[in-house]
Amino acid sequence: MIAASIVGATGYTGAVLTRILAGHPDVELQALTSTSYVGRNVGTVFPDLRVRGQYVEYSPQVLEGSDVAFVCYPHAQAHGVVAELVDAGCRVVDLSADFRLKDLSDYQSWYGFEHPRSDLVEEAVYGLPEVYRAEVTKARIVANPGCYPTGMLLGLLPAAGEIDSRGVIVDSKSGVSGAGKTPSDKTHFCSVTENFRAYSEVGHRHTSEMVQELGLAAGTALPVSFTPHLLPVDRGILSTMYFKPSGRLLDTEAWLDRYRLFYADEPFVEVCEHVPALSEVTRTNFCRLTVRTDERSGLVKVFTVIDNLMKGASGQAVQNMNIMFGTEEGSGLEGLA
Amino acid sequence: MIAASIVGATGYTGAVLTRILAGHPDVELQALTSTSYVGRNVGTVFPDLRVRGQYVEYSPQVLEGSDVAFVCYPHAQAHGVVAELVDAGCRVVDLSADFRLKDLSDYQSWYGFEHPRSDLVEEAVYGLPEVYRAEVTKARIVANPGCYPTGMLLGLLPAAGEIDSRGVIVDSKSGVSGAGKTPSDKTHFCSVTENFRAYSEVGHRHTSEMVQELGLAAGTALPVSFTPHLLPVDRGILSTMYFKPSGRLLDTEAWLDRYRLFYADEPFVEVCEHVPALSEVTRTNFCRLTVRTDERSGLVKVFTVIDNLMKGASGQAVQNMNIMFGTEEGSGLEGLA
Amino acid sequence: MIAASIVGATGYTGAVLTRILAGHPDVELQALTSTSYVGRNVGTVFPDLRVRGQYVEYSPQVLEGSDVAFVCYPHAQAHGVVAELVDAGCRVVDLSADFRLKDLSDYQSWYGFEHPRSDLVEEAVYGLPEVYRAEVTKARIVANPGCYPTGMLLGLLPAAGEIDSRGVIVDSKSGVSGAGKTPSDKTHFCSVTENFRAYSEVGHRHTSEMVQELGLAAGTALPVSFTPHLLPVDRGILSTMYFKPSGRLLDTEAWLDRYRLFYADEPFVEVCEHVPALSEVTRTNFCRLTVRTDERSGLVKVFTVIDNLMKGASGQAVQNMNIMFGTEEGSGLEGLA
Amino acid sequence: MIAASIVGATGYTGAVLTRILAGHPDVELQALTSTSYVGRNVGTVFPDLRVRGQYVEYSPQVLEGSDVAFVCYPHAQAHGVVAELVDAGCRVVDLSADFRLKDLSDYQSWYGFEHPRSDLVEEAVYGLPEVYRAEVTKARIVANPGCYPTGMLLGLLPAAGEIDSRGVIVDSKSGVSGAGKTPSDKTHFCSVTENFRAYSEVGHRHTSEMVQELGLAAGTALPVSFTPHLLPVDRGILSTMYFKPSGRLLDTEAWLDRYRLFYADEPFVEVCEHVPALSEVTRTNFCRLTVRTDERSGLVKVFTVIDNLMKGASGQAVQNMNIMFGTEEGSGLEGLA
């Protein structure tokens, strides 16, 4: 049994983690920490979670004995706790952005803080299993990818080597849970229902992850023009991506074959003939995707759908834990939805 | 031209009032006051309002010259401003509950404050035009009815004299805008979409208004069991009401005839053959309703729909203003939606 | 292993059954029959179902070897198939209304057809496990309850003996999946979003089941005034119920205690302190409920929530199958949602 | 007064036209024709339309005396009626695609029919007032633009001369009313709510209009890669567009200035500083848009929002009628929403 704790368990990603881990056959759930709900029962804070337990205040002590900790703190607030836990011998899956970027200066330019632990940044493994499965196995820190980068990378990695130098366009549409649980004008029901909008329309922070990982896969830097939009749905991200191939234009079937080959052994990526809808992956850890050649414009279009709280966050975090501890990769993740 | 101002113009009811009054042919819009948005343009705060103007801080001075003020403050915070304005000679339509109840002790028991102005409470007219049109004409203070009481009373007043002493059951379902613009866990999109719940399931404050006005119409006190629910929609209230007639059970057609007669001259109440849906009144000042006799159980069912921000608040407030100033009762209220 | 087949597998209840049974540890899924999709793969018709298999045309032969068949045909069209299967030795859970009513004349008056098999009507067990668990164990035909009656009965059975002779009021609000998968004006997205309405506002067919079972529990006939409404959500039913107790008015805590006692051993009924929201049971087989005493009006209010496709149909059907075959009652039903 | 009729008045565009024209100060509404609802009252078919009148069967006779007819037939079914009416001396605003394309062969390749009236195709004016206002004035046939092309063209026309030869990417998201009133699996509430998908993901028919008009504005053919998506909202289209400028990369402010200049005199196009949300134009005839320079990728992003039934169909049709008959261009179109 893996002894697992969740640090910052009362946001959306923490709640989804709680649900998954409570039903995971190989996990014993240890501490659930919270800042706002210390002493309250899980079932009181989240009536739809049928999980026993009480939230406790975070301290290294309450995590003693945990084999792994999932850290669900906001960006720039996670790295301290992560370092503390790792230094104390606990392996960590960090759901923040604090260890995703390899170039230290990126933390300053994209997230506005100076990162104090270059050693851990270097050591941390970017937790996209489809690329870094081997490294995750031994990782002390897994930097769990952002929701948008997950959907984007799964859609473009198989083609990375063949993308024209002008780069890619990533037009993403996300459900509201991606904005987090803290109420705001933007997430008020009356602002969202029967509405739709772009936001962070230039320079959204997730661009940095996309550029880093796509560049690594392509072997060369490629510009990424990323635009997120807010859908009037609870969960899910659909990304529509466009690129011009550097070589000659293959047809749709040829692209589909490549993608199928690329993901042939992946348990959580499904290459589809049809254009997948968001609801096909909601409350699952699957990414579904398809590719189309647009002969008229000479472009390739890629469509991916994921659940932002599952494959885009907590589900992928558990997938990473499974890999880290050598259990079945899909353990605890089947049968959802 | 009527010089009109809005005190507390940046909540939902204030915004809807702004839109109506800006397009009202007989109104000149004066001050729009706000506490949070002083100095900001209307179009910046509400991009969908194509109205010029800037929010100012409230003071009696900025309202000088106004013939009428719409006060959109929360309960218990409105009466001071209302009194100040009325004492200064400005007529007021108060959208709060602060002058709706006739029994002074009710303010203590239902709203938790001691009302300092019994004289104005006595003088104020309950602004349901279908009952108090004549009184509204001359009123200095119109206490604009609550959203739930409006839908409930329009549905039960025609039958008030024939309701069995056990009283009425009022099962209401409201859109989220009824909860106001301040973000909270309860109004977060993810808490509301694909969800539904009852709230204030016993003893909601609007019960007091319902009991008062139904009792007056019936000539005797009648118990009201009221249950509000939160619909995953922006606007609108549907109330389903049940009562046992004190006399013999009339059939549906007989009830419909009575209701038609009762509302024959009303510009904003439409008695329907069919069971009206919420969308039929959204963004209008209409109340639609129908009646059904349930022979098996010996009960009468009444269904009413209103837009909570229109006939349930701002639309009715303008209707009252039109009556107060002798303009066409529907002026500024046609052509909406 | 239980060999199970689904007759009429391509409606909503059939699809949910397919998902549950495909993941059920004690079930081997046999034939899935369809009229419109013969020869098509499950995953093509329902892309979100990750289940292998092909739809076949119904015949008694394709069901040979099945221990149990779930019949998901419309009312009046199911009884022939049910009879055929039972006569051939297959046990049946019938999700239609064709065996729910005990009085043969009710089929004529509520459903408009003459029932040809009085013997099977008499033999069939009304599949509400909380009442008829023992009978279900040995049943050849389980008449799976309607969605509205399930939510209503679970809310009123514990109080049945103490309801005043005037009976009960049942105000129910259901998601759109309750209307079935066939597209119509009523289920068009644009007719439903931001809308809400009552329908079958007097005399909905499910009233017959409610009257029958409440009367049996109460030991006397009690009138039921039932009004269904259509919520702009996919799944779930919330029922708000009102009755006057025949004895003295107990307080909320006393009622809660009784309900807790009544359901103490029930795996799928949860008596709550709080008023449960729809989302707490969505995609689960649970019914959550609470009770409130309304001192002012002398009434008791009961609130129940279920998922209409789970506890209201397919989930309850599987619960019944589990009871029939002596497997763990919750088998295949945990971990959903 | 303009005598106006609607041919095919019982679809969504016909219903919106009915509402606008019934409230239009310069219009007298004549015949409303229908195939399915002959003899039924407007208010019965559309309970939210408070318009008197009855649907009649189409014949040239029932339109006699009409100055203008709005033809709301499906593509390929409109041209016969349009020709008949024009030949009889009635001016026509055709909401179908039957006269939008100038190259006759396009009707075959995009819409699958041979166009019998090359003379009228040549004569017809593409009814985008922002480009063809002068021509609309005298037109006998106005080919009212498609919903997607309207949003796309208003966003790209000001930049048409400066778009790199690789062309433009148009990623559009539309509400469900764009799919029409006929119920289908795709428009079933349960298929749409909490869902999102692309459709016609390569080669949607509206591409032909976009290519034609963008090419004319640019003075050269430009490839258009267009992808429509289905939003879980009733009304509205948001288009996100990407292009590389042929010259040097201007900054956002410079682009905004150009757009403002281009649309300085346009009553229904609003260039915004902020990124406009769908709800800002719902139920209005406005198009709102903004432009952003993405320095990192060297691309320009344009965002436009329209209501697909208003500026994208019926509202624009009335705007065209106003221009044709020399009335105030915004007549009947203010005060909506």
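Each chain carries a letter (A, B, C and D) given by its place in the written order, and its residues are counted from 1.
Methods note: a residue touches a chain if its C-beta (ideal position, glycine included) is under 8 Å from a C-beta of that chain, and two chains touch if they have at least 3 such contacts.
Please read these numbers as outputs of a predicted model, since none were measured by experiment.
Visitor: Applying the touch definition from the top, give me the chains sitting in contact with each of chain A and chain D.
Guide: Both-contact set = B, C.
Visitor: Starting from the Cα centroid of chain A, hunt down the chain whose centroid lies farthest away.
Guide: B
Visitor: When the centre of a chain is set as the mean of its C-alpha atoms, what distance in Å lies between chain C and chain D?
Guide: Roughly 46 Å, centre to centre.
Visitor: Measuring from the mean C-alpha position of chain A to the mean C-alpha position of chain C, what distance in angstrom results?
Guide: Between these chains, centre-to-centre, one finds 38 Å.
Visitor: Could you grab the centroid distance between chain B and chain C? Build each centroid from C-alpha atoms only and quote it in angstrom.
Guide: 39
Visitor: What are the residue numbers in chain C that touch two or more other chains?
Guide: If we look for residues of chain C contacting two or more partner chains, we find 193-194, 232-234, 276-277, 279, 282.
Visitor: Can you list the residues on chain A that touch chain D in the complex?
Guide: Answer in residue numbers: 166-167, 169, 171, 173, 193-199, 201-203, 207, 223-225, 227, 229, 231-236, 238, 240, 242, 244, 275-279, 282, 292-299, 301, 303.
Visitor: Can you list the residues on chain A that touch chain B in the complex?
Guide: Touch residues, chain A against chain B: 12, 176-177, 181, 183-185, 187-194, 232-234.
Visitor: What does chain C use to touch chain A in their complex?
Guide: It comes out as residues 23, 47-48, 193-194, 272, 274, 276-277, 279-283, 334-337.
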